[in-house]
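Labels run A, B, C and D following the written order; every chain starts at residue 1.
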Amino acid sequence: MNKFAEQITSEIISNKKVGAYHHMVFSVGDIAKHAKPGNFVAISIGGATSSMVLRRAFAIYRASDRGLSGGFVELVIAPHGPGSIWLTSLAPGATINLVGPLGTAFGIPTEPVKALLVGGGYGSAPLFGLSEILKSRGCRVDMVLGASSAMKIYAPLEGKRSVSSLTITTDDGSVGTPGKVSDVIPNLIANNGIEIIYSCGPMGMLEAITKIAEEFGVMHQCAIEESMACGIGVCMTCVLPIKGEDGVIRMLRSCIDGPVVDGSSVIWNSKRKIPEGTWGAN
Amino acid sequence: MNKFAEQITSEIISNKKVGAYHHMVFSVGDIAKHAKPGNFVAISIGGATSSMVLRRAFAIYRASDRGLSGGFVELVIAPHGPGSIWLTSLAPGATINLVGPLGTAFGIPTEPVKALLVGGGYGSAPLFGLSEILKSRGCRVDMVLGASSAMKIYAPLEGKRSVSSLTITTDDGSVGTPGKVSDVIPNLIANNGIEIIYSCGPMGMLEAITKIAEEFGVMHQCAIEESMACGIGVCMTCVLPIKGEDGVIRMLRSCIDGPVVDGSSVIWNSKRKIPEGTWGAN
Amino acid sequence: MGCKLSFDYATALGSANFNNPIFTASGCAGSGKELSQFFDLRELGALVTKSIMVKPRSGRPTPRMAETPSGMLNSIGLQGPGIDTFLENDIPWLREQGVAIVVSIAGESVEDYAVLARKMRAVPGISALEVNISCPNVENRGQVFACNPETARAAIEAVRRNIGGELPIIAKLTPDVTNIADIAEEVVAAGADALALINTVLAMVIDTNTMRPKLAGFTGGLSGPAIRPIAVRAIYQVHARLPHVKILGMGGVASGRDALELILAGASATSIGTATFGDPTACIRIKEELEALLVERGFNSLKEAVGYAHREATQ
Amino acid sequence: MGCKLSFDYATALGSANFNNPIFTASGCAGSGKELSQFFDLRELGALVTKSIMVKPRSGRPTPRMAETPSGMLNSIGLQGPGIDTFLENDIPWLREQGVAIVVSIAGESVEDYAVLARKMRAVPGISALEVNISCPNVENRGQVFACNPETARAAIEAVRRNIGGELPIIAKLTPDVTNIADIAEEVVAAGADALALINTVLAMVIDTNTMRPKLAGFTGGLSGPAIRPIAVRAIYQVHARLPHVKILGMGGVASGRDALELILAGASATSIGTATFGDPTACIRIKEELEALLVERGFNSLKEAVGYAHREATQ
C-alpha cells in the first residue's frame, strides 16, 4: 500500500507522439512529490458516458513538483486498445481522474553499485527516473532497451545521456542488435561487473532476466504488469505467486505488494495455474 | 418510411449556446436536399467507448444544401440527460454518425390557408422552416411559442420576422403571457380565422391543442415525441395508438408513420395502457 | 485477397444452408422493408422475422423501452398482425427479395405452437423455423415455456409433430434458468434440430423521477453488449454438452470481434439485434469485420472456427 | 440544509441497525485498510468483509478478470486466509476503526457453514453475518448452493442452528436461477433474517486473440452497471413476494441515482462493489448523492423510500 496515494482531477498539460508511443504530461499537485521510480498511476477511461468501468494503470516515467502549475507526472503510453486509444486522443486542457502514486518503488542501494537497467517496449519509461537517482548516488548505470522494432524503442535524448552505456535490441533488427534483451545481458553483466539488475517490461522478458540474474548471482528487481481491476488492493485480480522469506508461496497483489518485486521470489510462468505448494491451494 | 434516409458521418460545423439550448450545425451532404419540416435525424451518442447503445432523435430546425461545404442541417438541442449533454459538449470539427432524414413531414396545403404554428420548448425548432414554406405559398402564419420560462423559448430573430404575429407564453410569466399555449390559442383561432394548426412539443400540449382544434373544427397536424430505440421502424418501441380511416385503432410507429400525424387520429393519454378496441389488444 | 476469395463463409443450421453466418435477430429487423433501404437484404445470411403469433397482437402499452448501461430493455409484447396476415403480406415480399428467410413463431399455449407449425408446413421458400419458447404460457401461470423442461419439451414436440417435411426447427431459449444446458437437452430430445441462444434477460429499470418501473409492463428483456458475456457462457455451456447440435448465437453482438467470440464459443451463426438500432448497417459491417478476422487468424472456413475455444478444454 | 439535517438516513437489516444504507460489497473492499487510505471507514453504513472460508484459499489462477461492456468478470475463487487468521488479524483492526462490520462467510459443504457459524458466535462487535451461498457445493457436483432450494435451505439452516444469539443472518443469493423469489422464500423459512441480492451473474469472455476463454477459470461472475437492471428486477420480485424481509441490494450501483433505484425497488441498504474499483471513494460519493436525491424528492427518511416503486402496483 502506497501511503501517499490520492485521488485527484488532473489536467493534461501536453500530449506528443514519440515513435509508437504518446508522451503525455499530467498536472498532479502533491502526487509528484511522492512519486518514486516504479510507482504507477491509475486513470479513469472514457469520460462520463464510458462503457469501460475499470481504470488503466501506467508507470510513471518522470515526476516533478516544479512545474509551472505545480507538480506533474509524465507517462509513456502505447495506444493499444480502446482505453489507451481514448486517453492518447485527448488534447491538452482536458481533465481526467487519476489515482496515484500507487505500488512499490525500485529499491535504491545505500552504497554506490554497478546497476544494469533493462526495459522492454514502454517498460523503459520508469527506468530513466531511476537512472537519474542511481547516478546521483554515485552508481554506474548501464541500460538495455528492447522492443519488436525501432518505433517501439522509447529512449529520449536526455535519458540516453544519463547512462554510461546504452544497448538497444530489436526483434526485427531495425535498430541496434537484432534479437532479445536477454541475448546481450550476460556479456554486459560480465564486462561491467553488474551487481544489480532493474527491469521493466513484458512478463516473459522479466522471467528470462530472472534466470540470467540467478546464473550470475546478481540481484534483480523487476516491475511486473498483471492485469488490474482496482490498482489499490481491494479486488484480488492482480495476484501472482511469490515465495516469501519463510519459503511459503502466496498469491500476492501486484498492485500493492508490487509492481516492483524481487525477481527471484516470483514463481514465473504460472498463468492459468496455481503453483504446487501455494498457501491455500485448492 | 422516409425513402431518402441515409447513414453518414457528419462534421459539426458550429455549436452555440442560445438560452437553455444549443444551436448546432452539422454537415450532411445530400440529406439536406431531402429534409422537410417535421423530419428528424438520429445521432449516435458517446463515441467509440460509449455505454449508450441507442441513437438520439432531433427534429431538423433548418436544412440547406447551399453551405460552404455542401448541405447542412441545424438542430436545437436541450442539454437534458447524458446523451444530449455529451452531444452539446462537442466542438466544431468533431464528427458524429447521423441517420436522416427520418419520419414524416408536415403536410403543406396546396391552397394558401391561414395557419397557426404552436411550439413548446425546443418544439419550436421545426416550425420556423415550416413557416418559411407556408409563407412562400402565400399562407398567413401566426405563431405561439410556450415554455416553462424565458430561457426555454427558442425564437431566433429571423424566425420571428417570418411570421405575422408571435405570441409567447411562459409558465412563470418571465416573458410573454403567463400560462400555457392552450390559454391563448382559442382567441388566436377566432381572431385570425385559423384553418390549420401545426404543432410540436410535449405530448400533453399536443393533446390540449387537439381538443381545441376539434372544438373549433380546424385541422391539426402535430409532431409527436415518443421514446425511440431505432428511429428507422425496426424495433416497435415508439408506437402510439392511432385511429385509421377505417375506424380501427392500431399501435403505429411514430418514427415512420410519424412524427407528424393528424392530431385527431391519435388516442391521447394512452401511456401505460392499450386503449380499448385496439387491433389485437390482449 | 487471394486468401480471402477462397475463404468459405457458408454455414448450416440443421439441414438448412446459409451463405454466411450473419442473421438479423427476431424482432429487430421489422418486416425487412425498413432495413432494405440501408442495404441489400441478400447480403444477410438470413433474415429472421419478428416472432409471429396465431392472432393479431397490439403488444404492450408504452413506454416499451429503457436504455441501460451498454444495453436496453424492451417489452414490445410480441406486437404483430397474426400468422395469416403475415403469410399473406410479409413472406411474399421477403421471398421476392431473394433473402434466406427464417420465420420465428411464438405461442401462448402448446396448441398455439401446433397451429403455427401447421400453418407453416405448406409455405415454400422458408429456410428454417425459429421457435421462440421464451414467452409466457397462459396455461401455466404465465411461466415462460423455456423456463421449465416439461413445457419447453411440449412446445417443441407440438411443432415437430405438425411441421412435417424437412424444415429445420431452431428452438430459442431464455437464459433465465438455473441450467440452460438441461433445457437444451430437453428440446433437442423433443425434436429441435438447432438452438437459438440467447433471448433477452429478464430485467427492470425504475425511473427515479416518477419512482415507478419505467416500462408500462414493469419488467422487460435486457439486450445489447451488457449481456454478451452471459450469451457467450450459455453458448459455451450448451456446445460443451451437445457438441453436435448447431447453435444460432445472439446477445450483444455489435462488431466482428463480438461475432467471433460467439462463434469460438460454439455458435454456427449469429443474429444481430440491438446493434441494428444503433447502426442500421450493423449486419453488413459485422459480416465484413468477422470475415476479415477469421481470415487473419488463418481459418479457411467459418466452420473451422465454430467452437474453437473448446479445444483442449480441460475444465 | 435545515431540511437535510432532519433527514433520517438510518436503516436496519433484521435486528441490526446502521447509520446509513451505503455498505461495501463483499470481496470489493479488501481488508478495509486499503480503503481507509481514501476515506474514514466510519462514514460507511457498514463494511462487508470478503467471504471467508474455513481454511486458507489461494483462489483461482490468473487471469482472474476481464473487462466487459459496462461491467467486468471476476473469478477470484474466494482467496483468503481462512476464518481463524481472519478473526485474529482482520476483525480486531476493523473493530478499532469503529466501523459497523458485516462478516461474509462461504462454505463448500453444509458442515463448513456450521463450522463458520460456530466460530462466529462468540465474536463481539459484529453487526450481522452475510452468508454467501452462491458458491459451489463440493458435495453436490459443484452445483451452487443458492441454485437449488434444498441446498440453499440446508446451508442457511446450518448457520441458524449454530450461530445462536441475536446476530442477524443475511442470505446472499445468486440471480442464476429460474425463480429467485422461490429461493428467497426457502432461505427465509430456513431462518435468514434478511437477504442480499444479487451476487454476480455467471458469464464468460473469450479472448479473440488466443481464442480461448480469457479467465483461467473459464467462467466468472459478471458485475457492474451492466447487471443493474437484473439486480433491480430481482430485488423488485423478492420484495413483492416477501415485503417484510429486509434486502441488502447490490449490482452495478455506481451513483446515488443507481442506489435510489435499488431502494425504490425494495432494498433497505445497498452494497457498492465494482464501482469502488473505478473510484476508490465511490461509497462516500454515492452516500452523499443518494441523500441529496432522497431529500429532493421530499422523503423524511430513507425508510420511507424503501420499496416505494411498488405503491399502487397493479401488475
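Convention: a residue touches a chain if its C-beta (ideal position, glycine included) is under 8 Å from a C-beta of that chain, and two chains touch if they have at least 3 such contacts.
Here the structure is a predicted model, which means the values were calculated and not measured.
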### Query
Hey, what chains does subunit A share as contacts with subunit B?
C, D
### Task
By the contact definition above, name the pair with the higher C-beta contact count: B-C or A-C.
B-C
### Message
From the centre of subunit A, which other chain's Cα mean sits the farthest off?
### Response
B
### Query
Just how far, in Å, is the C-alpha centre of subunit D from the one of subunit A?
35
### Query
Roughly how many whole angstrom separate the Cα centroids of subunit C and subunit D?
34
### Summary
Rounded to the nearest Å, the gap separating the Cα centres of subunit A and subunit C is 46
### Query
What are the residues of subunit C that contact at least two other chains?
69-71, 224-225
### Message
Touching at least two other chains at once: which residues of subunit A meet that condition?
### Response
51-52
### Query
Considering only which chains touch which, how would you classify the arrangement: line, ring, star, complete or other?
complete
### Message
Touching residues of subunit D toward subunit C in the complex: what are they?
### Response
66, 68-71, 73, 147-148, 176-179, 201-206, 208, 211-213, 217-219, 222, 224-230, 232-233, 236, 252, 257, 260-261, 264-265, 293, 297, 308-309, 311, 313, 315
## Note on the structure
Within their complex, subunit B touches subunit A through residues 45-52, 82-83, 85-86
### Task
Over in the complex, which subunit C residues touch subunit B? Could you list them?
27-30, 33-35, 37-38, 50, 55-65, 67, 69-72, 74, 76-77, 79-82, 216, 224-225, 254, 274-281
### Summary
In the complex, subunit B touches subunit D at residues 51
#### Entry: For the subunit C and subunit A complex, residues of the former touching the latter
69-70, 225
